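Working notes for the structure below.
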Amino acid sequence: MSKTILQVRDLCIDFILEDRTIEAVKGATFDLAAGETLAIVGESGSGKSVTALALTRLLPVPPAEIKRGEILFDGADVMKMTASQLRKLRGGKIAYIFQEPSTSLNPVYTVRSQIAEAVRLHRPDVTDVDAEVVRWLDAVGIVDAAKRMHDYPHQLSGGMQQRVMIAMALACQPDILVADEPTTALDVTIQAQIMDLLSSLKERFGMAVILITHNFGIVSGFASRVLVMYRGKIVEQGPTAEILRAPKHAYTRALIDCIPQLDSKDKRLKTIDHAALDAA
Amino acid sequence: MITTAPEPVETAPATPGGRAWRRFRADKVGVAALVMVAILAVIALVFFVLDRLGIPFPMDPDATNLERKLLPPNSVNWLGTDNLGRDVFSRILNGTYISLTVGFVAVFVSLFIGVVVGAVSGYFGKWVDNVIMRAVDALMCFPTFFLILTAVALLGPSIFNIIFVIGLVSWTGTARLVRAEFLTLRESSYVQAARALGQRGWKIIFCHILPNAAAPILVTAVLGVPEAILAEAGLSFLGFGVQPPQATWGNIIADGKTYILDAWWLILFPGLAILLAALSFYLTGDALRQAVETRSERQ
Amino acid sequence: MTTFVVRRLLLSLVLLFFISVISFFIVTLTPGSPYPWGELNPKVSEEVKRVFREKFHLDRPLHEQYAFIMRDLFTGNLRSIKDERPVLEKIAERLPATLVLNLGALALSLSFGLMLGVYGARHAGRAPDVITSIAAFIFIALPGFWVSYLVAIALVNWAAVPILGTHTIGVAFANGAQVFLDRWWHVMMPASILAIGGIAVQSRFIRASMIETLREDYIRTARAKGLDENTVFFRHALRNSIRPLITGIGMLLPALIGGAVIIENIFAYPGMGRLGYEAVLERDYPTLVALNFVTAALVLLGNLLADLLYAVVDPRVRLE
């Protein structure tokens, strides 16, 4: 039984807008063990991205406000961390990749300089930074890495940009990789490649992965545990196989039903009936 | 455990105009500036009316009194007198009327030209658009004040000419705005829907496209007034503005040029008036711009 | 890159053509009577008027007049009504002084505008930002001639400092360093006042640009990487926010050259602005046409250089 590296208890996050307040996350509680893969599934607005960003306090305050809750990383209370402790946490222990790789990389700096920046920050002991950059670009499957690293982000395809993001995140050797909808903005074929890449990297380097997605389809075969979020609350959590086999909550059932089946006889794709769910 | 969302303090108004107004109201600086603009407008209007009726207030701005010339601010002449004994305060109040008139009407002229040119350019597109936009680019290369000065000097410095020339030189910003609005909306689905329903070109322009552009056009208009006021003041200062004995802020300063070392009040007060007027319009315009910006980036 | 440059040059030529047409139309503004001495002046004989009209081709149709004026302008034959000297010569005399003044004002506007804008964005919403914002608005609203006058009074009255012209009379007797400083002072005075509005306008644009850049995704990535706020701000956000500096060149140049007319007048600075003012007084319309044309052409050149600068700063443009 590997040790628990992340503990989230009763996390409540509000967004204070000019005319109203939105409760984005209501009492989220879950654990993450070292090397484990956890998927957080839900539709847009369910609070999954907000939860993930909150782990390193990356949410803009204001308008966000963490009303209450505890986030313990390796025993340390994230809410009480100083600015410099947070900076070591971000990227060094918990690294992120985001949904839109084309806008998540700085357009005026080369790939090399952006990855090197991260390496120099979190791994000051590395002497040959360039070699390290090449090594990681290779690891994520970028051909001709030594040449490609001098490219600018806009010169790369969407799939390659995401690989660069992954390389940049992993080059700091984090304990947890948070992947926020990593394949949503990509072509379906590229989606599969990226998910395969993430799987093999996980095997190779052993970091824990939190995968955030609205697509239950990519969850099975990748994540060992699943968290289902609906309107800010965790409505169900457990081992993936179990949830897929016997979902307890109506929403989970609806989500699973939405996965298009090749052999289905239905003429229409299923959608989710929110009104019925809210009433339940 | 909270099960219901807390009641919002105020329900948001339904229309974009209503929301913008609420945001504007919340900006204290903007509101103060708008109040100042209103005050200036009232002063201008009052003077206009009094002028028509032949009643001087508080003193006749044209009444010369050589025994009281070049007096510093005192109890009778709150801001002093000029070289002909005229009361500076009255002349400044009188100048308000000129400046605001030039400001508003010149902006109106430039708006009119800008909207027409921008609409034609955006609606027809292709080479018409290309040619017009190159002409606009070329016009924007001209140092505006010098162009205005040249034109006014050659045409003759009447208030009509000044307004016309300033308007003729300042429409480029509006034209670009309107054109951009037309280009984006021309192909938008709801304009296509309107066309499919058989609406004629004119109606589409006026009922659909222009209302969308109204807000930024209004902002440009408000921000254009101080430009016109400053241009007019500059012209008057050089002697090419509205001619004496009519008082304008610029020519009070111009008259004061010769007495600069003895009568600082002739330079200071009219300048403050110009500054105050321009500042009020700029602040109002900026607050307005922030209020109408469709902050889609906001949350 | 070369296609970009070539395209831009061709565009500039087209714009130059339009500029020449607009400049020409100034001539047509003189309603019926371009004579500097007035239509009905009895002292001037019909013969003199006829010669004048012929000389300036005033009886020909408009497009021919345009051709004549342009030909004369470019061959240096366009002559001032006032003193018969070729207009281009007169302009060339004043050009260096004007360039120094306006480029100085431009440099001041861009550099101080950048600093103030960045400062305001760094502390957005808090007291330092509010103060600099209000100050910026006041500066934009200040009438240039008014400030010049007040400054002139103050300096002459209280500090006995010479401000007119390009140098103090008698400075030739001083040593090299003093001459240089003297000239520097005589340019910096009017340039600074000219730049006041420019600094304020630039700072607003830079501030807005930085605040908008800070909302971009790659800023979130930079923070997620663990970078400290200063690095995020100055290394990641700043370089993406300086576009307004370059568009500012295009915007500021016409305003600066235009504003220089009055300022050069007050400080008796012998630049094109002063020439322009004198030409306006005399209704010397060949000079006026040429001046408007030349100044607009200079702005056009500035814009062209600015566009080329874009390519240097933004790799996305460069590699098109």
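Going by the order they are written in, the chains are A, B and C; count residues from 1 in each one.
The criterion applied here is as follows: a contact is a pair of C-beta atoms (placed from the backbone, for glycine too) under 8 Å apart; a residue touches a chain by one contact, two chains touch by 3 or more.
Every value quoted in this text rests on a predicted model; they were computed, and no experiment measured them.
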Pair joined by the larger number of C-beta contacts - A-C, B-C | B-C
Maximum distance between Cα centroids and chain B occurs for chain A
Would you mind pulling out the distance in Å between where the CA atoms of chain A average out and where those of chain C do?
-> 52
Here the gap between chain B and chain C, centre to centre from mean Cα coordinates and rounded to Å, is 23
Interface residues, chain B side, partner chain C - complex = 29, 134-135, 137-147, 149-151, 153-155, 226, 230, 233-234, 237-238, 240, 253, 257, 260-261, 264, 267-268, 271, 274-275, 278-279, 282-283, 286, 297
Could you please specify the touching residues of chain A with respect to chain C in the complex?
-> 56, 58, 83, 86-92, 95-96, 98, 100, 103-108, 117-118, 121-122, 152, 154-155, 165, 168, 172
Sites on chain C touched by chain B in the complex | 11, 14-16, 18-19, 21-22, 26, 29-31, 134, 137-138, 140-146, 149-150, 152-153, 157, 212, 215, 253-262, 265, 273, 276-277, 280-281, 283, 285, 288, 291-292, 295-297, 299-300, 303
Touching residues on chain C, where the partner in the complex is chain A = 216-218, 220-228, 236, 239-240, 313-316, 319
